[in-house]
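The structure under discussion is supplied below as structure tokens; questions concerning it will follow.
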Amino acid sequence: MIIVLKPEVKKEQITLFQASLEEKYNVKVNTWIGVESTVLGLIGDTTQVDEDWVNAQEIVESVKRVQEPYKKANRKFHPDNTVIELPTGQKIGDGNLCIMAGPCSVECEEQINYVAQRVKDAGATFLRGGAFKPRTSPYSFQGLKAEGLDLLKGARKVTGLPIVTEIMRASHIDMFESVDIIQVGARNMQNFELLKELGKTDKPILLKRGLANTIEEWLMSAEYIMAGGNNKVILCERGIRTYETATRNTLDLSAVPVIKKLSHLPVIVDPSHATGKAWLVESMAIAAVASGADGLMIEVHNDPKHALSDGAQSLTPDQFDVVAKRAFALKQAYEEIINA
Amino acid sequence: MIIVLKPEVKKEQITLFQASLEEKYNVKVNTWIGVESTVLGLIGDTTQVDEDWVNAQEIVESVKRVQEPYKKANRKFHPDNTVIELPTGQKIGDGNLCIMAGPCSVECEEQINYVAQRVKDAGATFLRGGAFKPRTSPYSFQGLKAEGLDLLKGARKVTGLPIVTEIMRASHIDMFESVDIIQVGARNMQNFELLKELGKTDKPILLKRGLANTIEEWLMSAEYIMAGGNNKVILCERGIRTYETATRNTLDLSAVPVIKKLSHLPVIVDPSHATGKAWLVESMAIAAVASGADGLMIEVHNDPKHALSDGAQSLTPDQFDVVAKRAFALKQAYEEIINA
Amino acid sequence: MIIVLKPEVKKEQITLFQASLEEKYNVKVNTWIGVESTVLGLIGDTTQVDEDWVNAQEIVESVKRVQEPYKKANRKFHPDNTVIELPTGQKIGDGNLCIMAGPCSVECEEQINYVAQRVKDAGATFLRGGAFKPRTSPYSFQGLKAEGLDLLKGARKVTGLPIVTEIMRASHIDMFESVDIIQVGARNMQNFELLKELGKTDKPILLKRGLANTIEEWLMSAEYIMAGGNNKVILCERGIRTYETATRNTLDLSAVPVIKKLSHLPVIVDPSHATGKAWLVESMAIAAVASGADGLMIEVHNDPKHALSDGAQSLTPDQFDVVAKRAFALKQAYEEIINA
Amino acid sequence: MIIVLKPEVKKEQITLFQASLEEKYNVKVNTWIGVESTVLGLIGDTTQVDEDWVNAQEIVESVKRVQEPYKKANRKFHPDNTVIELPTGQKIGDGNLCIMAGPCSVECEEQINYVAQRVKDAGATFLRGGAFKPRTSPYSFQGLKAEGLDLLKGARKVTGLPIVTEIMRASHIDMFESVDIIQVGARNMQNFELLKELGKTDKPILLKRGLANTIEEWLMSAEYIMAGGNNKVILCERGIRTYETATRNTLDLSAVPVIKKLSHLPVIVDPSHATGKAWLVESMAIAAVASGADGLMIEVHNDPKHALSDGAQSLTPDQFDVVAKRAFALKQAYEEIINA
């Protein structure tokens, strides 16, 4: 961490400040006194140094982190890719493309079993489906809740596909005991209380990026889970909020290689929520694979026009067949190209 | 709600769609068939009509809400300003300027009592202070928690100032029983589970605007609380996330008159979090009063440079004296100008 | 265009407004009077109807365009893809991948000829290079100007590659007479005076998307050029400004399929300016091809660390060899996948 | 400027880089070698150091400016407020509130003379009016052009109000010879060729902030004009583009005190374009005055509902009477409060 001091600072103030930094954060401070400004360099583990506190000091002009503020999620301290393996054998981050597919909301047994079978046949490796639904309006359908979880488990029994579903409050963790991957939605990316509790479980956590969160904040939220002892975090890019209205959100595919550089965690992409439009899902799914994503999360509904939520962005099983086939083919083709 | 259908739609499809809308949502549908496109107009209570569902219909080109999706927060159905009155007599939204002031984090008895007394002397009507702190990093100070709540209550006893403090999870509601106003932070604005539980209490709720949330989404979150039966919602603008980096966030003061037009709820402004810089607080506090805000929330710390969080944006008690005095004076002066 | 009137509007007002719309814009107006609101539907060519004017009418609640405001750039009125062919035979938008490569700034004869030859050898079909450079600071290198144009022409002579270079003011059009494709930079996307003048030429125009412009505004800028009689517009996505700071801009790849749906014009992608970092160029170039882009624009410099501008995002010729090879291979592989 | 080098850098590389910096930019370089990283500090005038170039060096990890990149616009080198005085005596930035008012577009003699007289009577000190209009659509009214300029001059003759009007291309500068203040619109804020030419004139330039430009970029554009020798730059905040759709743009009032701190140039606020809605103009005008703005720019039209452009945001002369009266009164009241 580099701290630039104000021009008019006196020598005694610098000495005092240096001492307080060393004591407070257990770091070593080097001072470089220039003609126009004085710069301090902090050596040691600066992840715990509070930028707000430093900035508040009267003699400080500005602060610049050199070291990232996350440790456990940082590739520097964990050079190899994290591969998350489920007890049932499925892997995420091992170089293969994983596809999580299914309806936005679980609606009934017939629906979820039918969709589960169809996405499995198309190559999906996980069944996704919402039981608890975060909705902007209190008057919109909020999910089947516990009943929805049971239906998902039923579909898992029938198809063998592990299930991914969203949790909305810490007190539900027990209820999610037999869920295979617990999803944290975009609106809860900085629900730190929930993250802390999930850090105490040993479940894989799918952490969606918040609508207006930076990549660094996203990794800090992963760090919350990991700081609790749970290293099984899967990141999911699902579009960020911008001024553009032609799409529901703006899919930030550059986040994929950026995450790959900064972190060892697997990262997948959700083109359905990012674009909000079924006709954009294929091209963005393919582009996501090309960008290096470890997987895709795609909404599939037996009958999108009667879906209880997010119908506009759902693919039919037939459309999903095509997308999955092309995504797997592209993954393979691109690997051959790279290894050529 | 106006629904524009695709050009090529057939008459039978329109009839079927019209019938399904009327049955599903208990609305009346008027059809206007033009040469190039057909438009449906929905009459009745359309707050429960699911735009996603409508958009997903194959024959639908686009949807436009005429009626706002919120009801209880809507000024149309509640023309008079809501005035929130505490059991101890303080009012918010009654035309007077209310100022909530205090430290970002409660640190110790001496600190909170000193700051409480100072802000009271300066005219503040509420004491704010964080006991549970949402922090981006798991390694940053997370607040004194329950002990912090006790210290706040102690300061209330000493000064008589009612207290405002942030809640971070629904399971803490019991612990917040004797808090006067419960704050929902920006990161939890769409923590719908928390909002629902707060809707079951009878506490005034201070609902901060999310970093990347529209005014409509903000009012929908108020609606979540009100739909549960709790109408005591105070909105708090605290800056939105933009590309500008000169300030921590961009304070959206136009939100104040917009909220005043759309809703009957009181709205206050937090210039400390919006700007992130103590030297910007005064001008933005004054501008907020001029924009018509019902109140201000301002961070004050006895010793900002030693604050455990957000020191850079805290005022000293002496600085706050000046800001409060000027804010009250401006409020009065502007009222005289308007009534002249 | 659908116009929703305010609830309290009187019949005479509606009749008057209807008449003035019909007279002013030569459209037919249908009126649908509902219980709660009245809706007008405009039939005919509404591209010339001024939304600002409509919105300003006292009786108007809101306006919704059904028809896009652009005509010549609209796929509805021109279903086939536009293919732009240069006198020398090169085509853009014909289904093949076109790659425009070269240095941000032309620096000297040796440099531009060397880079031109290298990118040609790697398969680039156009040489890009800046002679006039838009720089945020008046103290930064502003390009070799006329001399730079001459060097570009020299490199064209040597390699046979047509040249693409940026124009910054209308009065330079004569000087750009022998340039093959004239580029309009992001900052000039809404320099309407420049667009109008370019509309009078018969040069292909590469129109970069503005940093904060919507896709609709971008197409309206294309419409400016086309309205003048020049239909040879190539759109270039180069990232938009968001709050994210990990990349210079946020590359909006969903813009590619959106443009393909709304317009018949070719669209290419510039991953160099979008990301601002050389190590991100390959993955975003590949993702752009996968998203359906007609081409790529990539910065290549013989010696990026000594480049006079934008060195951080330039590839070396060796790096470009790899990216170009993989991009062409992916394009071919994906076509085989689609046609399988 | 602080340059952080990569951890693995060798001593010889550092020495070489240091030498090349000193030679290239005529600065002195101090090196601070830490255990984990090496930091260089540049001393001297770093405004001409090209960050892109520095960032492109292989051994560089990151760069941080300590000194602002603008000099002539910088308050550090020019502590006193700039006061711009017109030959006819009007001043901007002298502590009084200046109000520029008038129609978006000049439409006819009767209109402009009537509005000019009305705004003068209400206390406006300048007449604004558009002769050349930047419009998103090529099919919208583009202004009366030269005829509009003549009408403005006529209104000036009648009322004595100096005129402010927008220029859209450098080749028009001669035509603007007798205009009192030349406006550069938001879309041209980074039309550097236009800025350079305006820098050669001695006219006061009103520089609007671009829709997606940072305050630093805005000051750099002022620097372009000043670098040419013209120091008479007035900055105008007019809202920035965000995701919020309740207002046309988001007015960034915190920009006012930020500019006041960073620069000595006067800054005014345009609430009409920022909000896009006439009913929001008063509250934002008053808030702007309270934030410390030197002036206001407000659209006034004799008959907003028949305005040829931007009618929705124009005030009637009667409405303007009220806004101007209150703005002047608030300015005076706030000064009394501050001096109390």
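As written, the chain order gives the labels A, B, C and D, with residue 1 at the start of each chain.
In this text, contacts are C-beta pairs under 8 Å (C-beta built on N, C-alpha and C of every residue); 3 or more make two chains touch, one makes a residue touch a chain.
All values derive from a computational prediction rather than experimental measurement.
On a Cα centroid basis, the chain most remote from subunit B in this structure is C. The geometric centre of subunit A is 32 Å away from that of subunit C, both derived from CA atoms.
Between subunit C and subunit D the centroid-to-centroid distance comes to 27 Å (mean Cα coordinates, whole Å).
The residues of subunit A that reach two or more other chains are 212, 241-243, 245, listed in rising order.
If you draw each protein chain as a dot and join the dots that touch, every dot ends up joined to every other dot. By the touch criterion stated above, subunit A contacts subunit C in their complex at residues 212, 214-216, 240, 242-247, 250-258, 261, 274-275, 279-280, 283-284, 286-292, 326, 329-330, 333-334, 336-338, 340.
Subunit D contributes residues 2, 4, 28, 30, 32, 34-37, 39, 41, 43, 61-62, 64, 66-67, 241-243, 245 to its touches with subunit A in the complex. Interface residues of subunit C facing subunit D in the complex, by the touch rule stated above, are 47-48, 50, 52-53, 55-58, 69-70, 134-141, 168-171, 187-188, 190-194, 196, 210-212, 217, 220, 223-224, 227, 241, 304-305, 307-312, 314.
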